[in-house]
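Each in structure tokens, the structures are laid out below.
Here chain A shows up in two complexes: once beside chain B, once beside chain C.
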Partner chain A sequence: MSRSKNLAVKYLVAAILFFGVMTLSGLMSAAYYIQPDFLFGLIPFSIAKMLHIDTMIIWLLMGFMGAVYWFLPDEFEIEPAGIWAAEILFWVFVSAVLVVAATFVLVQWGAGTETTLWLVQQGRKYVEAPRWAAIGVALVMLVFAWNVVGTALRARRFTGIMAVMSVNMVPLVLLYLIAFPKIDNMAVDLYWWWWLVHLWVEATWEILIGCIMALAVMKLLGTSRKIVEGWLYVEVSMVLGTGILGLGHHYFWIGTPDYWLGIGGFFSALEPLPLLGMVVHAVYDAGVHRMKTTNRPAFYWTLAEAFGNFLGGGVFGFMITLPQLNLFAHGTQWTVSHGHFAFWGAYACGVLSVCYIALQEQRRLAVVNGRGWVWAFVLLNGGLIGMVGSLLVAGMAQTFFERAIGGSTLEAFIAGQENPWFVLGMYSRMFFGLIFTAGYLTLAWNLLALGHREAAAVAQPAPAE
Partner chain B sequence: MTPGVLLVTSVSLGFMVLAAGAYALLYGIGRFRNSRGLLVSAGFAYGALVLDAAGLILAAPLALEWKLLIAGSALAYLGIPPLTWRYLQHTHREERAHP
Partner chain C sequence: MPKGFIGKVRLGARLMQYDDPKFWRAGAISTTVVMAIALGMLTVDSLEAITPGGSHVPPYSVINRHIGYVYNGRLGRDMPVIGADEPLFGKPVTETEAAAFMERGKLVIQSRSCINCHTFMGNGAYYAPDLTKAWLDPAWDTWMAITGADTKEEAMVRFLMAPEQYATWLRKMPNLGISRDEAVATVAYLKWLSSIDTNGFPIHFGRPQTSR
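Entry: the complex of A and B
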């Protein structure tokens, strides 16, 4: 295997390990809602939640990078430019994440000084990592961009997919720089912070996963480059057309001018449209290939990506996106429900699909199938759907009792937290969280054992080269 | 907007997109299998979407511009599956003709 593919495997393994940390810290966060004094005096809820959210970003980012490093040599038939730097930075990246996680757990917080910002945490949701680590992440992103663009330049070959990916590297790197400035005015700070969070997630990440899935579909189903690239251009224009100004739905209640109510509501309402096109495309691809493939898990995770993105982003998002409704629903478990489903569908399923594609080639398996992945697929998706359903019920109870009836007072908040529907939702979320965890463990075992211990999964070995 | 209407409106909006998904899914499978039954079911799914959108436009306490947006979305949902299908068929046909 090439150096790039070896690096890709390392990134994908790290991604799956941090997926585990995310799952564990998610379970911990869920436990505080049932037992508020859980780990009292040791790890507060805010730290568990921080670990949960930050490792979600990290594992997906590592998954994307692993996927890109996997496909780069196939795309250009040469090793990526500056692969040596990427290899060194992989270890720097992983070490930095571990040190930051240990700092979060052991130090937790500090005084409101520059030292805390540099060494403990920056205190901004999703990008809490202290500055030294944030600089490291920026450096990793910069080298990643160099790997992609530099390789295309060195190969003197720009395919449509790689051109889109290369252009996307510019906002991917630049937007992360918003993680650094310390802005005292909270409205101004949130205004720019959403550029990072929303435009990373609903613009640059969408394009990156679009490119990755385009490469995955070519590999998995043998779909021609022309078809895949044609669809990628349509998808990218639609996603950018609706997603960039869809940013406005985060500006409803942070002190920005009220024209954002109209802009945010309008463009957010259009966001399900490209997702519907993806559903049709998924059906078409599945039909053309009659659900036949040599890598069933990768194929099913690809389908799950299209449907999960539609349901999580489209259906769950549209319920709370109009300003009149968002006024009551924002910041409740309803939003959490949408966030969980959308991230899972849009990104996690895609990364898992690439894991199986890489695994098939790395272990030289002619066919990837078996029972292990089916169990993982069912438990993970079943657990996730159960969790988002539970959070939806809890969020509706909060919206109804705390916000709409109670008027968002402190008493209403407490009453909302004690409401039987909310409590039921929290218990139910914990139960499905445990199912999801079982799914994660099954997935990890399956990825580890497929082709080794789970021999029945492999119909026949690939002929030696 | 009363608390009850707030929940009903939200759920109706979610149902509208869900019905659009059901329409797209049934339309796609129906076209592939050349199944009249599935295409009729797709029509029913879209019918449910239209009824839901009509309910929102007539009864939900939303401003006129949002109601227009709902009406426009309902129309767009009608067109997306056949347009996407035709586009995919066209690109695949082109690919076969000029590989």
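Entry: the complex of A and C
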């Protein structure tokens, strides 16, 4: 295997490990809602929650990078430019994440000084990592961009997919710089912070995963490059055509003028369109190929990606995106319900699909199948959908009792959180969280064991089938 | 049929080659450019509105004044109303001193990672109440009695310095080692924050709709 593919496997393994940390810290966060004294005084809710959302970003990012390093040599038929730097930075990246996680758990917070922001944490959602670590992430992104663009230049061949990916590297790196400044005015702070969060997650990440899924579909189903590239451009125009001004749905309530209510409402209502397009395409492809593939798990995770992105990002996002409803639902467990479904559908399923694609080639398996992946698939998706449903019930109760009739104060907040439907939602979320965890463990075991058991079976005389 | 007509059809077909990815590439590039330019223009306008002293965000020295929150029937939503002089701890501050409070207050908010339990303008975690209008919360009247403070600001400072002592609900706020200076700056920050026009968020603040 090429150096790039070896690096890809390392990144995918690291992604799956941090996926585990995310799951564990998610369970911890859920436990506080049921038992507020859980670990209180040792690890407060905030730390568990911070680990949960930050490791989510990290494992998905590592998954994307693994996917790109996996497909790069296939696209260009040469080793990526600067692969040596990427190999070193992998270990730097992993150790930095571990040091930051340890800092979060052991140091937790610091005095209100710039030093705290440099060494302990920055206290801005998703980009809590202290500045020293953020510089590291920026460096990793920069080298990642160099690997992609530099390889295309060296190979003197820009395929459409790689051209889109290369151009996309520019905003991916530039927007991350918003992770650094400390802005006193919270309205301005949130204005720019949403450029990072929305334009990363709902624009550049969507395009990156679009490129990755395009490569995956070509590999899995042998779809022609011309069709895939045509679709990718349609996807890009729709994602950016709706997503750039769809940013407006975050500018409803942060102090910005009220024209954002109309602009954000309109464009974000259109945001599900590209996601619907993906579903149509996936169903069409599946039909054309009569669901026949040598890699069923990868294929099913690709389908889950298409449907999950549309349902979680598109439908669940649309539910709360119109300002008239968002005024009530914003910042409740309803948002959490959408968040879980969207990240899972839009990104996690895609990364898992690539894991199985890489595994097939790495372990030289003619066919990837068996019962293990089915269990993982059912438990993970079932657990996730259960959590999303539970949070939706809790969120609707909170929206009604805290906001619509309660008056949104501290007293109204408490009344909402103690409402029996809310409490039921929290218990039910915990239950499905445990099912999801069982799914994670099955997945991890399946990814580890898959090839080896089959190899053992091949060594024995094949039974008549 | 005249030759020219066939030529026109051919020309039309050449312009609309849907199966050529280049057609869609041109669409992707132009859509993106148009949207990015629109966002850039809106950003210039919005940043002007949210600069302290702009149309939506009062200057930091607003902490010297009374801040109310009143339902505006014409707009159909609650709006902050800046009233008579009411300096924090009875001590008026200059614009520069107010800005220093904000710088310190924001550092406290970030260094203690408030947003990983609370939300500001609905952004953050959802484990503890939203703090956008915390300064205006009617609960502080009760908390003045609980903390034995004469003023709302003093009650807030005492609570922030030792939240675990004043736990009145199952979920407690941990002691985050906030010094008195830090607590004062944070209270100043929260007072300024409550004066921002947030288009009516959070809805019905302080006006329960149960009895009409």
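The rule is simple: the second predicted complex is superposed on the first by the 452 of 465 C-alpha atoms of A that agree within 3 Å, B and C clash if a C-alpha of one lies under 4 Å from a C-alpha of the other, contacts with A are read in each partner's own complex, and residues count from 1 in each chain.
Here is the rule we use: contacts are C-beta pairs under 8 Å (C-beta built on N, C-alpha and C of every residue); 3 or more make two chains touch, one makes a residue touch a chain.
Remember, it's a predicted structure, so these values are computed and weren't measured experimentally.
Could you classify chain B and chain C on chain A, in the superposed arrangement, as clash or fit?
After superposition on chain A, which the two structures share, chain B sits beside chain C with no clash.
Between chain B (first) and chain C (second), which, if any, makes contact with A:Asp184: first, second, both or neither?
second
Quick check for you: in the superposed arrangement, does A:Gly230 touch first (chain B), second (chain C), both or neither?
both
Using the touch definition from the top, say if A:Leu247 reaches chain B (first), chain C (second), both or neither.
second
A:Leu311 contacts which: chain B (first), chain C (second), both, neither?
Only chain B; A:Leu311 stays clear of chain C.
So, A:Leu325: does it touch chain B (first), chain C (second), both, or neither?
first
Could you say whether A:Gly222 touches chain B, chain C, both of them, or neither, answering first, second, both or neither?
Touch status of A:Gly222: no partner.
Of the partners chain B and chain C, which touch A:Pro420 in the superposed model: first, second, both, neither?
Neither partner.
Looking at chain A, does chain C or chain B touch more of its residues?
Higher number of touched chain A residues: C.
With both complexes overlaid on chain A, does A:Val279 touch chain B (first), chain C (second), both or neither?
So A:Val279 only meets chain B here.
Go through the superposed model and pick first if A:Asp258 touches only chain B, second if only chain C, both, or neither.
second
On the overlay, how many Å separate the closest CA atoms of chain B and chain C?
5
Touching chain B in one complex and chain C in the other: list those residues of chain A.
In chain A, positions 226, 230, 234, 328, 404-405 sit in both the chain B and chain C interfaces.
Along chain A, where are the residues that touch chain C in the complex?
32-33, 36, 40-41, 44-47, 49-50, 109-114, 116-117, 120-125, 128, 160, 182-191, 226, 229-230, 233-234, 236-237, 240-241, 244-245, 247, 251-261, 263, 327-328, 330-333, 335-336, 403-414, 417
Show which residues of chain C lie in contact with chain A when the two form their complex.
19-21, 24-25, 27-28, 31-32, 35-36, 38-39, 42-43, 45-47, 49-52, 55-57, 99, 102-104, 106-117, 119-130, 132-134, 137-139, 169-172, 174, 176-177, 179, 182, 185, 193, 196-210
Within the complex, which stretch of chain B touches chain A?
Result: residues 1-3, 6-7, 9-11, 13-14, 16-18, 20-21, 24-25, 27-29, 32, 61-63, 65-66, 69-70, 73, 76-77, 80-81, 84-85, 87-88, 91-92, 94-95, 99 of chain B touch chain A.
Along chain A, where are the residues that touch chain B in the complex?
224, 226-227, 230-231, 234, 262, 265-266, 269-270, 272-273, 276-277, 279-281, 283-284, 287-288, 310-311, 314-316, 318-322, 324-325, 328-329, 396, 399-400, 404-405
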